[in-house]
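Here come two complexes built around chain A, the first alongside chain B, the second alongside chain C.
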Partner chain A sequence: MYGARVAFQPSAATASSSKEKKRRGEDDDDEEDDNEGKGTEAWERAYADERSWEDLQEDESGLLRPIDTKTLVHAQYRKRLLLRSSTGGSAASRIQKGLIRYLYIVIDLSRAASETDYRPSRMAVVARQAEAFIREFFDQNPLSHVGLVTMKDGLAHRLTEIGGSPEAQIKALMGKLECCGEASLQNALELVHGYLSQIPSYGHREVLILSSALNTCDPGDVMETVQRCKKAKIRCSVIGLSAEVFICKHLCEETGGTYTVALNESHFKELLLEHAPPPPAIAEYAAANLIKMGFPQRGAEGVVSICSCHKEAKVGGGYTCPRCKVRVCELPTECRTCGLTLVSSPHLARSYHHLFPVAPFDEVSPHGRPGQRLPTTCFGCQQSFVGQGGAQPSLRTSCPKCNQFFCIDCDIYIHESLHNCPGCESQRNSSVL
Partner chain B sequence: MKLEVEGLTVYFPYERIYPEQVEYMRELKRALDAGGHALLEMPTGTGKTAALLSLIVSYSLESPQHQHQLKLLYCTRTVHEMEKTLAELRLLASHLPPTTKSRLLALGLSSRKNLCVNPHVLSAQSRDSVDAACRRLTASWVRTLAHDNPQVPTCPFFEAYDRAASAGPDAVLLPPGVYTLGDLRSFGRSKGWCPYFLARHMIRYANVVVYSYQYLLDPKVATIISKEMQKECVVVFDEAHNIDNVCIEALSVSIRKQTLEGATRNLTQMSQEIERLKATDAGRLRAEYNRLVEGLAQRGNLAITDAWLGNPALPDDILKEAVPGNIRRAEHFLSVLRRLVQYLKSRLLTDKVETENPVNFCAAINSQAGIDQKMLKFCYDRLHSLMLTLEITNTDEFMHIQTVCDFATLVSTYARGFSIIIEPYDERMPTIPDPVLQLSCHDASLAIKPVFDRFQSVIITSGTLSPIDLYPRLLNFSPVISRSFTMSLTRDCICPMVLTRGSDQLPVSTKFDMRSDPGVVRNYGRLLLEMVAAVPDGIVCFFVSYSYMDGIVNSWNEMGILQDVMQHKLVFIETQDVVETTLALDNYRKACDSGRGAVFFSVARGKVAEGIDFDRHYGRLVIMFGVPFQYTLSRILLARLEYLRETFQIKEGDFLTFDALRQAAQCVGRVIRSKADYGMMIFADKRYSRHDKRSKLPGWILSHLHDAHLNLSTDMALHIAREFLRRMAQPYDKTGCGSKKTLLSEEDVMRMSEGAMDTY
Partner chain C sequence: MASAPSKLYQDDVSLVVALLDTNPFFWAGASLPFSEFLHHVIPFINTLLLLNQLNRVVLIATGTSSCGYIFDSGDGNSSGNSNAVCSGIIKKLEDFVGKDSKITKGSNGDSTRPAISSLLSGSLSLALCYIQRIFRCGARHPQPRILCLQGSPDGPEQYVAVMNSIFSAQRLMIPIDSCIVGAQHSAFLQQASYITGGVYLKPQQLDGLFQFLAAVFATDLHSRNFLRLPKPAGVDFRASCFCHKKTIDMGYVCSVCLSIFCKYHKKCSTCGSEFNQAAPDSTIPDQKH
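This part shows the complex of A and B:
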């Protein structure tokens, strides 16, 4: 049995490889889709998913021109990165982050969720993205817990208990997809408040509401509930699907959460995934305290034992709790018998980069300062900055520490997946040698 | 911050300034330099008041070459606006350098009801009864009586003020500063002085006086309050889009049956009073008679507390002659009034609508009641003198006879621009007899003319003054500057739309022949239904009239549309009852706050359309159902239209459209009160898409009204609304960037003015 501190000491970080793999996988999928699309003639393709007209934009003189999605995405990414680093998390000022999060996702299944301005319906989009979010969330926060709550018919209903397994949550969510009646913000908050107030003090209490409805039908004064949530230090965030609602904004402002409204499905996904990295810790909680954790051993192959989570005999695999020697199937979890938090060391390592993020790179103008020679290739991927055929040189950035230059794609990869700057790492290695 | 506007240092109470405010100040400065009048339109929410106050205050305090310091008379419509203006002024004062600050004295002036601190007087209900209660305690004869007999109650605050004032006018001075009505009251309480009379005294010394329109436009009040204002004044009429109506109302009188009955009672009371006086103190009546023989209608130096409402006619039109002999004696005068009241009563008995011009009316009075025009002209002054002689203090009970005398004086003084309309019943309820005799003024320029003539600069400003060339014609003056400013926005935060068709592509309109068509009613209902489902928080709907609103809400109820609306939002309705409406508004706000969402049904030209703001989430969308034309069969309107055509060559159609569109603009302008705010406006009538109607909307709405939004059906409007709301919910940068800079710091303004210099 070991004790682990929530605030870690810096050491060489390991990048999460699974995420990287996943990203690759997605890219492959996209390519396949493209191939499929190219195989058929334009008129044979279903235009429902493609929506090519949405890529056009009217300019001031009324002409249609295609939206430059790539530069748009890059600009958005830069903005987000700078925003994130300015609100905290830059390497210079180490901000504590709540790594152990207890998050309730409130899903609005009121009448408004059946509207079809998102295809096929708001509800389906929310469910799909919530699924992706839950996976991503556990990927980034292995020590955290998620529960699901639904709002419909003016009531709030707890779909799943708060827990550490993504699969169980997703299964429960997919089974319960039908929408009717009104949404009640107050009921949902009261319910979540009741559950979250039992959480131990080191855990960060969070609610994420995915709201389709534009109104809330409450039994009492919702303002009081907002104040109670504030008192209980529950951070409430809302993602709206259609428009800004005053009470949601008020709730988020009061409890320190964020309020965003999605423009379309991809924007919704983006907004949702912004909630995956851990938020800065609330000041009162900043005092680091010790939490008992167990690092169980993986069971040997071929050993038959009864697992405590499914209550059935299993051959091989599984982990053994270091305190009570009971068998569990998945990590991270809490031991059913002794209540010890069970994690594996890669989990801790994966949470670690949130505390020491790579500093945002500085943007460099494509032409550079006069008299300064810029390298022509990206330090990361070794590809040339200068586009073929006299195309406009793409955006480039440089690391403020090692002054190496990177292309924007490598920049995204470094900050979102790798969490290490190759330039700095190689420098350190050479100095050690 | 400090900025330079064409060589003048202007102190501005905020760190940043909008570019249109700088523009506004520049135009204002030019108007002040030229010493002429100006007409400035700037949208609400761009800090018009702040810009105006900072420039004028800086202008008047900073230019030592002016012998008389410029004085600012700031006219607002309501007490609430007055308080807001004074709060703004206080903020400005705190940013002035100490030497200038010590020279600034600004105060608000309102009626006794808002300023009195005497608990006995304040217990009275209405404004008139507060005035009367005050007079009962402070009239000169009451105070003389109290001097001999301490049992007679007087007002301790006024007595204290009077004792202090007797040492000389400088003994009662407010220290420099900005005084709201509340400040005046608390100052009065602490000193034990009457705040009302103190304020009346202090307006002579103040640099800035904030008061109501009436204090300048209504001759009855203006002669008392604003008589002593010097020529070097800048008069500002804020929110002045309805100023022509205020001018007209100031010179219009309407007499109902109750008025005449009350007048008869007053006359009886007065004759009793005269009898009593004859028995006890005949000398007083004789003294009055002698004074009238000498030719003085007014008694000369009246004590400030005795001064009563002045003559209803404009100062230039009052006869400077002796009162005619046949009404010098009190009894004779009373019998003249009795005959007049009797005659008016007989006119009210008519069963058909009559319209007459003042000349004919006076001739008819002369032939039938034997009262000639000159006697009528002196009615008001004679009554005033008589009431003082009789020492009547409960003036509120004598309102009726005053109204009759107002009428008599006005009808005999003005031959043009007025007409007398007698209606036996309300057009909308022909079964209920409710005779009313109206003397209506058609010429807005009459009441405002003395203001233009007397004061150096008159600034008329509002959020909606379009078309800006019509106001000079209506008010008959020539402005040196007339400009309409647009709003500089970081994002397109207003989204006006013209909806011409329902989702079934049939046109919608409140035109007379279409408004009761069930298809139109249904289409309007569908529109509302779609919008309540797509728009968060508050929605405001304006209808063209109460009767139309009642009708359409009834039909919606029968069609089940209202029930469907209630599933999404609660419905609140404005009524003619003020208390009920206030309650409805309160609950509407509560519903918006708590996220339940609400719709407010209101009427254009109503109280809500004029005075209540639906900013932020209280109004994300405003729907204007129909074009709010005036009731075109109204006799008063017809008479006014005829007059306008003959005198000012303004076509009937032009004026009606102008009036309807300024009301519509006023209604939809309720939703946007600042730049950080956003809101949509739907004009739901096919007539709005026509150029002659649309072009009369203010520029700041027109500039956001894209061609694509001119001819929408319900489903298209819904799509646009959804997109707009999503876009507006995204975070944005408040200061704007690059060329679209909308918040200027001190350096930016410097650079701007330098840039302007370079171009010359």
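This part shows the complex of A and C:
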């Protein structure tokens, strides 16, 4: 009863309000005023723009499936892959990458970040995506460090110290963040410059600015600060949420970073995750050093010892520093007693695929060259290439080294996640190390 | 009807991708002959198929110079009575081993020593590609896992590729179980099972292999929460240095290419970067690989 009464009300309210809006001549951001002008109900308005039934199509057995965007996705992926491999040099040569990265993420908490064009607000979206980015970053760069800085009220403030574990950073991000005031790019860059001058010389210095504001309020000449950052070899990248701003573009061009502007939330996520893999490194930016590291063994179960990170007695598990023999709970970390960097070999192995990438596969037309007999199944997943019942045979790609054929889904999986070509690995003479 | 998330698992239906080691150099000197080994493995496969009507098993053979698919229970033409299925598997294995030996003999003229390790990285990659295909096929699919039946020793040249497969499996939450039928432990598979949350087992008596397989590896992932499965005694995560290949617990790591050395060197042998502890001078990256 109550529900039925409520249901009738909105239509009356919107009918009157839409008429009022037309009288006032205001142009709102909702399109329901334009099409189907008079008195549409709330549930009708939801379908005015997105006709979700148009995204479905029937497959051969009559079941409903979303539209097959496979070829579109594959084309986008190939564009990305070829762009990535061509900017850093040819795919055959090994490009140097900065594997030990010290990254500061600068989050804009100015008034512009409370805008609600991203739901629920720009700041909330940035915090959420930054958390996902930090996890992905540590997954791909286990030896790197991340710190957080905020821009608020014309000042820059360090939220967390630069550290090698994601938990501390994520905890700070999930805390209460308020937006007010103006963003100051110069103050943020000066602060980060000060902190990054203290890191070891073999580390690559990077700054990622997530900017919502369209201006910057600086106490001095921001161009000078840009030149100082360039001299200090800090690579600054910016992801804008509103529009392109000249000073950000100038900053990125001078320091060798990338500047991108997000169109919507999923685009923002994509742009942010593009910064997770190590960027091509400029050789002079970081000295090559031999870093002393320890590879601790896991302690036996049932041994009681006091761990140096929590300062309490723990049973079993844990790792023993090879130099000073204290117990640490997790890796990678720096021993609190003697300062030795402690890692395990899988942490180093996580970065090896950046050094030995899989060569991009060549596209093969579905019918091949005349006289060439193509295999009917994908080498990786055994999926049949020939379409069912007269449908087009699907696209396939082939590895230039082992000449095996793969379907486009395997191609995407191999290059983005697995980093091993099954064909090359199934041959004896193609070892890498 | 609630919308299904992209990976909706049925509780106790499993997809087992079993990687069989068919390295003839190993099986020639093994305590258990290969035919006996198959007498344990094939009933185990039938057991898996009997536990649940929707269970699927895929067999991939790991040879010394090639890897290939042997059996897929989800294929239309693999149904039929178990005798037909068994003889089908044995015949395909024989064909595979014959082809593999031919390839090994063909290339053996160039290599200085006979290959004693099998291509584990190749079959792991194939298994992961197959499982990706299953994930693509809709919302309801069985829970996948990988079972490695390995006897040959680890080939150190496959380290990077095996670690890549392990990390990809960890991301997709696919456990890698290992059953070692050879004489020594395999460091690669110990790490694989530890990182992905699988079970590592080296049975003490190979005569009772079927018993070990059925008791430890036959249960689906959901039921494993209620069982006490063998825990690994100690996983060695220490690295081995690139110069002598011995395990070290403290070493030096090149900041450019992450190669591990046991002593201080002036120049990195992998990427050619020169090290000077003083001011950051220009380094010439002359990477030889």
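By definition in this document, the second predicted complex is superposed on the first by the 339 of 433 C-alpha atoms of A that agree within 3 Å, B and C clash if a C-alpha of one lies under 4 Å from a C-alpha of the other, contacts with A are read in each partner's own complex, and residues count from 1 in each chain.
To be clear about the criterion, contacts are C-beta pairs under 8 Å (C-beta built on N, C-alpha and C of every residue); 3 or more make two chains touch, one makes a residue touch a chain.
The shown structure was predicted, so the numbers you read here are calculated from the model rather than taken from an experiment.
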Clash or fit (per the criteria above) of chain B with chain C on chain A: fit
Which superposed partner A:Phe356 touches (first chain B, second chain C, both, neither): second
Touching partner for A:Gly318 - first (chain B), second (chain C), both, neither: neither
Which superposed partner A:Cys217 touches (first chain B, second chain C, both, neither): first
Partner contacting more residues of chain A (chain B vs chain C): C
Which superposed partner A:Arg298 touches (first chain B, second chain C, both, neither): second
Touching partner for A:His419 - first (chain B), second (chain C), both, neither: second
Partner chain(s) touched by A:Pro278 [first = chain B, second = chain C, both, neither]: neither
Partner chain in contact with A:Gly380 - chain B first, chain C second, else both or neither: second
Chain B versus chain C as contact partner of A:Glu244, first or second or both or neither: first
Closest approach of chain C to chain B (Cα atoms, Å): 30
Overlapping contact positions on chain A, where the chain C interface meets the chain B interface: none
In the complex with chain C, residue positions of chain A that touch it: 93-94, 96, 99-100, 143, 201-203, 283-284, 286-298, 300, 322-323, 340, 343-346, 348-353, 355-356, 378-383, 406, 409-410, 413-414, 417-422, 425-429, 431-433
Interfacial residue positions of chain A with respect to chain B in the complex: 112, 117, 185, 214-218, 221-223, 240, 242-248, 250, 260-263
Contact footprint of chain A on chain C as seen in their complex: 64-69, 72, 103-104, 107, 111, 115, 119, 121-123, 125-126, 128-130, 132-133, 136, 156-161, 163-168, 171-172, 191, 195, 234-240, 248-258, 260-261, 264-265, 268, 271, 273-277, 279-285, 287, 289
Touching residues (chain side chain B, partner chain A) in the complex: 533-537, 568-569, 592-597, 616-617, 620, 722, 725-731
